[in-house]
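Order as written gives the chain letters A, B, C and D; numbering starts at 1 within each chain.
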Amino acid sequence: MALTRDQIAMRVAQEFKDGDYVNLGIGIPTLAANYVPGDISVMLQSENGLLGMGRYPTEAEVDADMINAGKETVTATTGASIFNSAESFAMIRGGHVDFTVLGAFEVDVSGNIASWMIPGKLVKGMGGAMDLVAGAKNIIVTMTHTDKHGNSKLLPACTLPLTGVNCITRIITDLAVLSVEDGAFVLQEKAPGVSVEEIKEKTLGKLIVPDDVAEMVF
Amino acid sequence: MALTRDQIAMRVAQEFKDGDYVNLGIGIPTLAANYVPGDISVMLQSENGLLGMGRYPTEAEVDADMINAGKETVTATTGASIFNSAESFAMIRGGHVDFTVLGAFEVDVSGNIASWMIPGKLVKGMGGAMDLVAGAKNIIVTMTHTDKHGNSKLLPACTLPLTGVNCITRIITDLAVLSVEDGAFVLQEKAPGVSVEEIKEKTLGKLIVPDDVAEMVF
Amino acid sequence: MAGFNKVVNTYEEALSGLSDSMTVIAGGFGLCGIPEGLIAHIKTMGVKDLTVVSNNCGVDGFGLGLLLEDKQISKMVSSYVGENALFEKQLLNGELEVELTPQGTLAEKMRAGGAGIPAFYTATGYGTPVGEGKEVKEFDGRPYILEHAITGDFAIVKAWKADKFGNCVFRHTAQNFNPMAATAGKITVVEVEEIVEPGTLSPSEIHTPGIYVNRIIKGEFEKRIERRVVAKEDV
Amino acid sequence: MAGFNKVVNTYEEALSGLSDSMTVIAGGFGLCGIPEGLIAHIKTMGVKDLTVVSNNCGVDGFGLGLLLEDKQISKMVSSYVGENALFEKQLLNGELEVELTPQGTLAEKMRAGGAGIPAFYTATGYGTPVGEGKEVKEFDGRPYILEHAITGDFAIVKAWKADKFGNCVFRHTAQNFNPMAATAGKITVVEVEEIVEPGTLSPSEIHTPGIYVNRIIKGEFEKRIERRVVAKEDV
């Protein structure tokens, strides 16, 4: 069975280590914050200038001056710091953020990612995504393995305009965990009940399947 | 009569306008702070990270964490701000400081300045001088017109390694105020009792002497 | 210290000198930390053909979105402009040009503009449409693109408190692009919630030193919230 | 938040991993805001052939001057090194190399190193010995030189207060190069006057966010004054 959005987020959260600084994109990545294991802590970086992003506020706590990169009202955790946008991206570009988790339209075997622009559709902008993929030490792409028409989103080469090149090393989809190594996707784990055959079928880029592929454990 | 150090500083202080941000180098430039006219105020920038440098501290006020760019103990004025070295030089390099006043070994008719290095002598370093001459909107060089051997310090071309190029527009010496324009020194004012002939004699670079040269007024 | 008192009393004074075809750099992220009154006054002034540099372009009817209503903006330099139907329309009509710039590059371009750094290298955008036509150089085997600084004829900034000398502090995440914008304007105008006496703000806690600020005006702020999200459960 | 507690109890732990031929970036301006205990421990460790990046090199017998006594430094990157007889001697002997770097360029190189900017253009030093051999490019008709970022294997920093997560504040002009140094070390060690609980420091007043800091140690500081100047008259 393909994973739900929450299950993907749950699997993402397993990647984090105690003490990691993490930037979570909008959508599934944001959900990962709900599944951080109880015995570790991570600190969330929001690229509008907040390190130590907390939960949503209560009605009483709502403050127009306290928002996240998705422009939602938020709170700050104990020990948070707040700074300007140049400092925020110095942190990101300089490789100080341990993990960036973001969605994508496509990724390819060279570690390229396309996530911000579909020609012919109105372009809203890349926001901080290009800085994040150029800067973070580890990037995890979360997405469904195929688009709504059933087309693979794991390609030999991205067809859409890129967000970044040679930067994606790990992908977590509704079907599998894959790494990107030496011009191929390498299957690391499969979702419970999903066959290697289905993953092969839905992966258009070169796929390496080790002899023994573990099933995800939740 | 050639001006004393304090008189040079007094003449420098006449250049300031109310509301100017000023960086004063070590030596005569620092003295200028004592002669700012009573009806105007200037704010002193110290490049180690202090805007609003005040007087020296009393014994009770001395604080090792409060120094100026000359590493002297100092105080901050009301309304001062304190920041890091990158911010301090962003301010300087970005042209936000209205005036820089500094000494020099030599200046030339192209507006070049040599102030930090004498080959064969031990080189201590340029500190912030190269940033200051590259960044300030107006630079005033203060120096004696000649060195201790009587050699002119206002040259057709500097002979010592440069601190900056094409940056000096105004020079105040013990004999005269001069501007640098289109490849020549232009005599603007002479010190009281100093003859145009003496200034001509002691200026090796091309000197333009207008018909009417005012005497400095203190 | 009369020469350092930068307080003005009217928006007319605050924006005096702003005219057609100028470049305006604006602080703010979404609707958070935007100079509401200054933007509204630019609408009143009716200046046209502006290039506006700001991470976003407000929403329909609020913030920089107001300046779209009378087509005062001819070009936006932004990282994300997705919150605005009028923006879309003018963009599709060709009435509005947009230069999409990665958020971190945009922040750094403003900082560089204020700091006298004409250009810098970044890996951000290399190999993407953002990198097209830009100089590429390798450092330690990795390719980077050359990005140029941005400066503006005016910078409009929103601060929490400023003293009369222009020393500013920002509140929470309303800081965002404001400190960089403040450094990058030929004339920098700051609209604040509160004007205080010099000496009130601790020197080491000042976010924007007064040297960057030319004019200060006390504003009234609606502080509209773009996405009000409230905790679902008890916390 | 165990994973974010960066406090160590000994200088051995604080500098664990520092070895011969490494590059160390040090905060401080003159003797103001220098990590006294960390420097003293580097002397005790006896590591050699260090490249030290710091605006100055201390004085004879104090600060970075201590590391000259056993010839532990092979190269200094500084803007001004004039306070030190031993330095002079080793320089003239050829035992020590010095790369003189304009103060603002030095600060910006450290910032760039921490911010993932491999190089930037500046007018500072163009046409002088500093510009020799460097790439020149014109922007708006003015020539600029390309300067490269600096990063270090270690950064040693002196802060006033830090919370256990590494959020730091600096006191008065002891801030100087410390925040930039903190961003530019692969391992950044901060020696502080006081360690406080997270939440004690106001989030918007933090000078160095904890993300840059790997280890924190509580130090004892002599805070030697280089030029004690006292007001002559009554003030």
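Going forward, contacts are C-beta pairs under 8 Å (C-beta built on N, C-alpha and C of every residue); 3 or more make two chains touch, one makes a residue touch a chain.
Being a predicted model, the structure only gives us computed values, none of them experimental.
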Labels of chains that are neighbours to chain B and to chain D: C
Chain B and chain C: spacing of chain centres that average the CA atoms, whole Å: 35
Intercentroid distance (Cα basis), chain C paired with chain A, Å: 29
Chain A and chain B: spacing of chain centres that average the CA atoms, whole Å: 55
Sequence positions of chain C contacting 2 or more other chains: 108, 111, 115-117, 122-123, 170-172, 175, 203-204, 207
Junction residues of chain B, two or more chains touched: 76, 82-83, 89-90, 92-93, 134-135
Graph class of chain-chain contacts, one of line, ring, star, complete, other: other
Chains grouped in pairs wherever the two touch, ordered by label: A-C, A-D, B-C, B-D, C-D
Interface residues, chain C side, partner chain B - complex: 1-4, 111, 113-117, 163-165, 167, 183, 198-199, 203-204, 206, 209-212
Contact footprint of chain D on chain A as seen in their complex: 17-21, 40-43, 45, 51-52, 76, 78-83, 87, 89-97, 134-135
Sites on chain D touched by chain B in the complex: 29-33, 55, 78-82, 88, 91-92, 100, 102-108, 110-111, 122-130, 160, 170-180, 207, 223-232, 235
Complex interface listing, chain A residues touching chain C: 46-50, 55-59, 62-68, 70-74, 76, 82-86, 88-90, 92-93, 112, 117, 122-131, 134-135, 161-166
For the chain C and chain D complex, residues of the former touching the latter: 108, 112, 115-123, 137, 139-140, 142, 144, 148, 169-172, 175, 203-205, 207
